[in-house]
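In what follows, chain A forms one complex with chain B and a second complex with chain C.
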Partner chain A sequence: MLEARLEQAELLKKVVDAIKDLVQDCNFDCNDSGVALQAMDNSHVALVSMMLKSEAFSPFRCDRNIALGINLSSLTKVLRCAQNNDILTVKAEDAPDVVNLMFESSDSDRLSEYDIKLMDIDQEHLGIPETEYAATVTMPSPEFQRICRDLSALSESVSIECTKEGVKFACNGDIGSGAVTLRSHSDVENPDQNIKIDLTEPVALTFSLKYLSNFCKASGLAKSVNICLSNEVPLLVEYGLAANSYLRFYLAPKIGDEE
Partner chain B sequence: MGIKQLYQVLKDNCPDAVKEGDIKNQFGRKVAIDASMSIYSFLIAVRSDGQQLMSDTGETTSHLMGMFYRTLRIVDNGIKPLYVFDGAPPKLKSGELAKRFQRKTEAQEQHEEAKETGTAEDVEKFSRRTVRVTREHNHECQKLLKLMGVPFIIAPTEAEAQCAALARAGKVYAAASEDMDTLTFNAPVLLRHLTFSEQKKEPIQEISLDKVLEGLQLSYNEFIDLCILLGCDYVDPIKGMGPATAYRLIKEHRSLDSVVDSFNNGKKFNLPEDWPWADARDLFLSPDVLPADDPTIEAIAWNPPDTEGLVQFLVTEKGFSEDRVRAGAARLGKNLKSAQQSRLEGFFKPVERTKEEQERLKRKNEQKTQERKTKQKKEAKEKKEAKAKPRGTA
Partner chain C sequence: MPQRLGLTRQWKTISCDMRSRIVIITVTMKTRSKLPSKEAQEAPISGPVLNPSDQNPGKLVILPKGLSQEARLVTLHDPANKKPARYILCPENGIYEFTKISATSNCPRSWLIVHDQVEAESTKDALPCTPTQSGGRSSDANDYIAAADDMLVATPYDALLFLLPALHEKSKSPEHKLYLALDDLVDETGSNSKLLRTSLQSTVIRNSLEERLCAVCDVVDAGEERMFRLSPKKLAQDLIKRAENMSKDGLPRSMENRFVTEALESPIMNQNRHDSKAETSLSNDQIEVPQTTEEHNNKLPKAVMTNDELTRVLRLRVALSFMLKSYFPAALRDDVELLLASNEQLNLTKLEEHLNHLASVRSEALALRSISDNINRKRLMNDDDDDEAADARAEKKRKQEEKDRLKKTESHGIKQLKKVDISGMKKLSSFFSKAAPKKAASG
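Let's look at the complex of A and B:
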């Protein structure tokens, strides 16, 4: 039996909105430590990894490991019926056919309930090795979103270069080229605007802007975003959520053709 | 023609081994495609109003149309195709080929007859059966591929064996063919339906040999024996041998030698007089293929397309639409130019399923198979009953 209550439906709404264009169907794996999700996009280029710890819910109860296979566009339809500050309760039996979502309005006595049919999803689970990244850039999430949007106008891919001087996003397209460089910066009055670069060695990698722009849909979830890079491994874009929870995106780099 | 009903055996005994997915799943992979099989299917399938496509001068262009647009679709999805053409057929296949030739001749006669007396449907049906891939078709397709910058090689004998060898050597990720015997030739991964048209919405089947062997609980040698018993291109089929029996016999005897012995003792099955199963097995085990370090294979490369050459060949000679050919060439060039997007599997490895999960999956599969069988039985019964009832009494 699973019963998880979220004070704000907004959290789940935004998470699902952020990933629904990458992944169509996926399993929400529930156990006593929380709700986890891992799924790759169709082309096996990007991976979404979400963890909502039990502390993010109040209360949270899950007696047995349950995998809820849900079609994300169905889930989106149902979540649209919830207001951002509704209280959301997710319920499921031990071997469920449906998952039940209940929305309670915080200021009136309105109570709505929806059941979504579950599906059987046979999914491969990927092991993600613990990586010490050579460079970790922390920046305001709207800033990252803006860079991706601006550069998408020129090209399909962006090269991200991290050196002592700063981080440079550069692209080269048919109409010309563009680059955005950011330096470490700390704003005492407005810590959200901080840009921090942790670097052990310089890195330079190329990524698809289409995917990065897609990841940026999660910008509303957190004020700042961590971008972690190491040469020849996938990029990690991490949005931290309350109570140690997170939404992470991994993206395989583009490589120069070997031929 | 591949292996008779092997797919059925796999569906029943190890549904795990067959994964169906979108063409996008194959993104970023190199694939060796059995060209001869594809050309044949283009000649049959690429038609309008049941007629093969023709240029102004009356030459067939179905194969070129198919080759051009289906290859474009493959390249658009980030797959790098390598085509493999058939060489001379192995000697053992002569029996099968003679039969095919006879069938074609019969179909030709029926086609003529249908043209005289039959309905339009009949004409179309028989015209499809008379289709043959000529040397001319092959040459034209090779010329087209060269202009498109897509590599191809000509196998010493069977194309699917060469595809399998390339995949086994790691030169490509998978072998693509409709023939199930590609697996018997030791291809680690077989892709089916890759060259089908977009409109068919047919999912791509990805069959992994390792999972097949694991699911059937057979060694590779035993698997070959099973395929021969089911019926392959190289020996005559045995009367009365179905997928269930063949699988049971191999499980019981563990090799074709003792299966044949048991035939000779008991008289349940009549072996054809000339049944060179040992030769067929040798052919599967060591087919005549180019080794992976052969210079022609080392030289495989994807080149930018020759746009003017394509226009000259397809538009001027074959009457294709110029705009479309140019747009296609631009797509080919673009997909080759952009830096290759890598796949996550290169970095993150799938986690092995735990025992518990495996058990659960197995139970689920068994249940599904059971359900399907019951359904089939029920349908068969209903059909029988419907037949048994005299007309007009329902």
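Let's look at the complex of A and C:
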């Protein structure tokens, strides 16, 4: 039996919105520590990993480990029926055929309930080790989204170059080239605008802008985003959520395809 | 074997009349497949005690009429394959070979041999091989069930065939073609078998031998004796004459069906895409060359032989090859075959051409059939109410529908993502190792 109550339906709405364009169906793995999700895109070059810790729910009860195989489009449809401030309760049996979503309006007595049919999804999980990245850039998530959007107009891929001076997003396309360089910056009044670069060695890698733009759909979930890079390993784009929860995206770098 | 076996079937009595020269034996055909020994074991103990089955069961043999008292069953080496074979030597009537006639394996038979009082008396002496049971209490007790369904029929054998290897041997080298007297030939032939030599020396056989030798050999008179030398041409002519005789009214039915009708049958082609009149037909007197499409027209040999002519020649060829294969030693066979192939009277080349063409059409038809066969089988599957197949189909359909559904529910973003150029990007599984399933990644 799973019963998880989320004070704000907004969180799940935004998480699902952020990943629904990357993954079609996925398993929500529920256990007593919370709800986790790991899924790759169709091409298997990007991976999304979500963890909603049990602390994010109140209350959270999960007697057995269950995997809720859900089609994300279906989930999106149902979540659209919820308002951001609704209280969301997710319920499922131990061997469930359906997952039940209940939305309680916080300011009225409206209560809506939806069942989504579950599906058997045979997904392989990858073991992702904790990695010390050569460079970790923390920046406001809207900033990252803007850079990706702007450079997408010029090219399909972006090179991210981290040096002591700062981080440079550069692209080269048919109509010309463009580059955005950010230097470390701390805003005491508005810490959300801080740009922090932790660097152990300089890194330069190229990534697909389409995928990065896709990751940026999670921008609404967190004010800042961590971009972690190391040579020859996938890029990590991490959006931190409340209560130690997170939404992480991994993307394989483009190798030997210099533009 | 006594007859009181509690058999419930109706026995049918038939009489075999194999031409006029053959003794009529009344035999009863049995259509059950059980062995007599088995029958004996299964019989209830309370019933009459059965004799044990014969260790050396008798054989059913049909002998020619009018064999002399001196006629003997002998074992001689078959001149064609040098293997021992049984013959009947009759100093008055000549030599007979045995032809074994068996039922097909899918229709097993046994023989019940009933001794009719009168006929048993009259045939007793002339049938030394027919099994008889000693100590007959009644006529019933003499009846016999033979498990083996073979029937051995004695048929006249041309003694010349015994001489052929020797004749061929002596006329092999082109420079030293030797003429031989009949006695020398017989001596040569019988060098390994005294029995054969003596039997070939009997007057009747000698006379027929001489007559036959004249037909197939060049002959010179050397004083009182005639000397013979094998003439392949004469031999071929003789063979053709025999083959004509054999195929005059058509070959025996099984041979006719297998080697003539079937061989000349052209495949029915359904796939006349261009021209319906190009349909294959052999019913007309003039052979319409089978053709499938217009393009083939140019490639085909123009038909010159009529259908009847073709059948006649093919029958001859089958008869000839049957005789050559059954009675001629391999070395001689090749020589004669070469001669026959170039024989104008036979016109084998035309036949060969036609058969080759038929073979090509047939292989073409086969190729086409394998396609249509496929389709047929699929249809069969659909008609078939086999549950398993239906389930499998339902499952497949379900999966396909699922796929289609997924395709439809694919969000715009996912569709867009499919178009992204992922060149130079490795799969994530090459960076991260696979974890145990159902375990949330700590990532």
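What to note about this one:
What we mean here is this: the second predicted complex is superposed on the first by the 256 of 259 C-alpha atoms of A that agree within 3 Å, B and C clash if a C-alpha of one lies under 4 Å from a C-alpha of the other, contacts with A are read in each partner's own complex, and residues count from 1 in each chain.
As a convention for this text, contacts are C-beta pairs under 8 Å (C-beta built on N, C-alpha and C of every residue); 3 or more make two chains touch, one makes a residue touch a chain.
Source: prediction; values computed, not measured.
In this superposed model built on chain A, chain B and chain C take up the same space, so to speak, and clash. Of the two partner chains, both chain B and chain C are touched by A:His125.
Of the two partner chains placed around the shared chain by superposition, chain B and chain C are both touched by A:Asn42. Of the two partner chains placed by the overlay, chain B and chain C both lie in contact with A:Glu156.
When the shared chain is aligned, no partner comes close enough to touch A:Cys81: not chain B, not chain C. When the shared chain is aligned, no partner comes close enough to touch A:Leu111: not chain B, not chain C. Of the two partner chains, chain C is the only one that A:Ser73 touches; chain B does not reach it.
By the touch criterion defined above, A:Ser208 lies against chain B and chain C together after alignment on the C-alpha atoms of chain A. Between chain B and chain C, more residues of chain A are touched by C. When the two structures are aligned on the shared chain, A:Ile255 is found in touch with chain B and with chain C.
One listed stretch of chain B collides with chain C once both complexes sit on chain A; from 166-174, 328-336 or 346-354, that stretch is 346-354.
Residues common to the contacts of chain A with chain B and with chain C across the two structures: 40, 42-47, 124-129, 156-157, 206, 208, 233-234, 250, 252-257.
In the complex of the two chains, the chain C residues touching chain A come out as 406, 409-414, 416-418, 420-429, 431-443. Contacts from chain B toward chain A in the complex involve residues 22, 24-25, 27-28, 78, 301-302, 338-351, 361, 364. Chain A contributes residues 20-25, 29, 31, 36-38, 40-47, 49, 51, 65, 67, 71-74, 76, 123-130, 156-157, 206, 208, 210-211, 214, 233-234, 248, 250, 252-257 to its touches with chain C in the complex. If you check the complex, the residues on chain A that touch chain B are 40, 42-47, 120, 122, 124-129, 156-157, 206, 208, 233-234, 250, 252-259.
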